[in-house]
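Two complexes are shown next, each including chain A; its partner changes from chain B in the first to chain C in the second.
Our next item is the complex of A and B:
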């Protein structure tokens, strides 16, 4: 009885429905899943390969019949990787320098973006193209002058003038100190800052102006308005920028490698891992490739956990408001 | 009376704006414009790290060398520019398509998004070298010296295809295309993110209206989604330009970088980068010009 009713229902539905529409719907969903599987494969397969290689012993690498699944999980690779990278110390360095300066940027870029998104001041016409320029100019174009500037750091030449008056060299050497990263971040011109400012600007444009104007009429100053009105209503943008900023700073190795001879963060060790393995491990290490892959996993793991925890909120936040427009 | 008050607020707004922008302006001068101008100076000078006075004026010497004598520069430049011109529209179109797919409602959407955004996390950094296998090859010389013979070459599609029994020439062609698509997919993460975000901010009412008017999905895309994404497309164009410009596998970047890291030649490296920057700038502004002329006018 139930079945018959169901059948009737289905046939009547089919009668009413436009066959073409159903066909096109099926085609679209096949196309969609085909695309998703193709992309899923290109994105996930190298990751799985890294995981599988990180657990292979030297014998497994030599054995051509072993491709994906190692004969036995060779955890020694991870122990060796912890030693070669000096993992815990490097992790601490990573948290202190790049991650912290990434978090500083979350704040400083927001402040600058507020100026660009909300206020029309005459200098804006010059500063806005310059903002685009900061995004466009690659780090490699300016790193040597920057390096020289950090080595003999004088604030607009002011310290030099004072130093000349006193007769002492007051210029400071900032190389090997975290300030090579903190200072630009505080001023909102650090690593990838321009992009974060752009994201904030696009987002802030979407917050209704009435809120702030009401706050001004109530006698709140600009800073109070910013903290009380703007910050709470842009949690979505803050979340997005925080995730991108922390992760990109975590991954940054080029400038870190230049500005730090010692106390290097994880990314720098990883970029140089093959040499580190040969230097520190030498013959005692079973499989150089395996240890390199294990180091790579140890490097990704903290960010991956960070991303997976925030991922749901992140994707929902993109869903709910959108960071752009 | 009322007028005066309005101008008062306007003046306040100017002051507030300057106040919020001041720290950034100082930083811009100190950490960006000063090094930028100095790097221009490098391109026109001889840089020596040993002498006391680092710079001595050399005029157009480095540019002349690059254009007339350097065996690789023009080839590298041609390769970089053509790959830029080809990749830019493909990346923008591809990420728009992916974003459209991810924006639909279907089973497993959350998982699909999590996977799509993974390249955002990984593709920006040193891990990418492991994905492509480059990191291991850089130390390969050392490893073989130590008696290690194992080799590793990224993801070997070629081998898979050869196993399937395809002829060599077809395999090479296919592998080349797959490698390109692979690179493109990996460089689409942020663009997809920006597009999805932009699509989410298009008000639902517009779609409801277009449904009532009887628009097909195709018309809906061209008359609602696409025009509403104007700002995002601009952002994506800029980001993609930068990304391609600074990509680590870009031949010009490699040449300039190798000069610095292997030979400590800073002046010619600076000249290479500035030459490239100017050319990309010209192409970029052409794209923006066309974008403004064709698209914005049509919509407004």
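Our next item is the complex of A and C:
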């Protein structure tokens, strides 16, 4: 009898403990999901709002009962956005200038980082702090000397000296040309280059030196070692830098707006979208806000697709490199 | 340890060096090699006959210089010294040109033989950077623009006085002298504007005519046409048009906060900061200013004709939840994003009301065009501006939603103008955000207005000191 009572007591205690465990697990899960939903909503609600507004007609914007779901999808906003932004031309300009210079940076920053990570040279102590400065000094502080430099481009004053000798102004005007972006990218001092170099350095320091030493023993020089050994071993870092570089260049509009008078990329068109809507068809366009929102969607769509395709690799690479952009 | 300290010292030194270099970059004082007016005068004298426009005629002016007179169909007459033909005028614009503006430029080029080169920033927010970088790079741009919200910072930094520039005739009645006078510095003009130009933004009171008629309330236009449109009759209208419609609160006046509060102070002939053409003074203790702000606050809190929380916006005017609202004339246009042309109700506008017994003047957010330092074709720029800003060179009537709005715009363009320079001075000093100041004042009740205003006293005094120093230098 006593044994049975003891057994029941144990079972009941076990059950209670089990229930408590399950209950606490459920509570934790509910809390976790609630938090995730809350954070997810905070992050995604602006995107949902843009999608919703991009499909609203002017009547929907004026109708206070319409909040999230439009009465009917007004696709004309997208057609108007394509026209107002001159989308395909602007997309091509985006690919030719900012995106291409972003890709150039992926290569040049890798080369610079390899030198910093692997070679000891006397100037390193000066150059490394300078590298940090390129991250610390904001673009708005440097745009003026940069603009002057590109407007009267001169190789260390050499062209001016030659020009003075022959009585002609030989300085080159690079404003309104892609070189304002390509040149700094080629020399590793482009948009956010400092940060990309740091990402590479961080990663390259983790690659065993023995691999390179083996290559040197086999007679490979620094360039060959970099191409044959370092590049194939750094796919994770290259992917991280590529994605960050392309996306940040894609979004860049401040310098593009200053350096380019025509052939503007998408980011510049978007930064001025309300003005463009008024100028290109203010009285015929149904909803200015709707078209502006559709333009936002068209702007982020290529990047979104690019990110979704590379999402898994990107997260994996961010884990390995240990830097979040 | 010592190594680490040295490294930090080196880093700090380098950072300081880079920052100092950035600050001084582009500040070189090398004398610009200008084209002298007389130099190209001589150059062009021989070749001028070949480039005369098809519809132009040739005669001589008082100075004995040959001029080309051409008359556009329905447009203004352009008198151009022949020496200017073949020259180029370069203008920095803060947005892409409108079709109408581009057409006007094309016509000007054809009629005068002067080439016009326009560089624009795609984003108005970076217009200041465009001007400063073009000047630093000595690109030789001739024309740029400044608003009253850029005064006195932008004109003193980048523009030159216009009084000594050949080509500007300030006796010409087309110039909007009453606007230009408000932004003179030490007796000299720095910018020009033309009465009724495409870029003129007068401040007016929009009202929903249909709603007024439906409720049998006398409209602001009726008051204005009988010469009785003032703050008292405005308040009568606002009270009569404040009601509840099926549970929805309809306000007589859309009393938006932020800087719109300055419309009322401008109308009362006062301002937060005064400017007499050579000196700025803070005016926060002015009883007229305080009374005006109290009147504004009473609209929401005492008379309850406007939303005391300032939550109503332009969409509420469109949906009929607000009967009147004050704004620049931009929404009068068909291409405006306020889309009043899509409303089923009829919209009208009248000038902003003045206090009872005060002379009617037009309030304006000014847009002045000036000649940049280092300009290379100052006279050509003067001739171009006179043409480019002249409304006679545009089909102005095609811009307005209806005839009433056009007539109000035209009436405003003929009145004496009044401009507020406070926002520009406060912006220049970067002490406090003027929009926030106005917004905070707008939310107070009348009994707190004076105290709230005085809480910004030191900010305004510093702003005034900085602005005075800028125009002295």
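Note that the second predicted complex is superposed on the first by the 282 of 325 C-alpha atoms of A that agree within 3 Å, B and C clash if a C-alpha of one lies under 4 Å from a C-alpha of the other, contacts with A are read in each partner's own complex, and residues count from 1 in each chain.
Rule of thumb we're sticking to: a contact is a pair of C-beta atoms (placed from the backbone, for glycine too) under 8 Å apart; a residue touches a chain by one contact, two chains touch by 3 or more.
Remember, it's a predicted structure, so these values are computed and weren't measured experimentally.
Colleague: Counting only touches as set out at the top, which of chain B and chain C does A:43 meet: first, second, both, neither?
Modeller: first
Colleague: Report for A:125: first if it touches chain B alone, second if chain C alone, otherwise both or neither.
Modeller: The second partner, chain C, only.
Colleague: Looking only at contacts as defined up top, I'd like to know whether chain B or chain C touches more of chain A.
Modeller: Comparing chain B with chain C, the partner touching more chain A residues is B.
Colleague: Should A:106 be classified as contacting the first partner (chain B), the second (chain C), both, or neither?
Modeller: A:106 contacts neither chain B nor chain C.
Colleague: If you stack the two complexes on chain A, which partner ends up touching A:264: first (chain B), second (chain C), both, or neither?
Modeller: Once the two structures are laid over each other on A, A:264 reaches chain C alone.
Colleague: Counting only touches as set out at the top, which of chain B and chain C does A:144 meet: first, second, both, neither?
Modeller: both
Colleague: Which partner chains sit in contact with A:298 here, chain B, chain C, both or neither? Use first/second/both/neither.
Modeller: Neither partner.
Colleague: Is A:152 touching anything from chain B or chain C once the two structures are fitted on A? First, second, both or neither.
Modeller: The second partner, chain C, only.
Colleague: Of the two partner chains, chain B (first) and chain C (second), which one does A:237 touch, if any: first, second, both, or neither?
Modeller: Neither partner.
Colleague: Residues on chain A in contact with chain B in one complex and with chain C in the other?
Modeller: Overlap of chain B and chain C footprints on chain A: residues 58, 61-62, 130, 132, 136-137, 140-145, 148, 253, 271, 274-275, 277-278, 282-283, 287-289.
Colleague: Sort out for me which residues of chain A touch chain B in the complex.
Modeller: Against chain B, the touching part of chain A is residues 29, 32, 35-36, 39-40, 42-47, 49-50, 53, 58, 61-62, 108, 111-112, 114-116, 118-124, 127, 130, 132, 134-146, 148-149, 155-156, 183-184, 186-189, 195, 197-198, 202, 206, 216, 222, 226, 244, 247-248, 250-253, 267, 270-271, 273-275, 277-278, 282-283, 287-289, 292-293, 296, 299-300, 303-304, 307-308, 311-312, 314-315, 318-325.
Colleague: Considering the complex alone, what residue numbers of chain A touch chain C?
Modeller: Those residues of chain A that touch chain C are 58, 61-62, 64, 125-126, 129-130, 132-133, 136-137, 140-145, 147-148, 151-152, 175, 253-254, 257-258, 261, 264, 268-269, 271-272, 274-279, 281-283, 286-289.
Colleague: How about chain C: which of its residues touch chain A in the complex?
Modeller: 7, 10-11, 14-15, 18-19, 21-22, 25-26, 95-96, 98-99, 119-126, 129-130, 132-133, 136-139, 315, 318-319, 333-337, 339, 341-342
Colleague: Given the complex with chain A, which residues does chain B contribute to the contact?
Modeller: 9, 13-21, 23-36, 38-39, 42, 47, 54, 97-98, 101, 104, 106, 108, 110, 112-122, 124-127, 129-131, 135-136, 138-140, 142-143, 146-148, 150, 152, 154-155, 181-182, 185-186, 193-194, 196-202, 228-229, 231-232, 235, 238-239, 241-242, 245-246, 253, 256-257, 260, 266, 270, 273-274, 277, 281, 284
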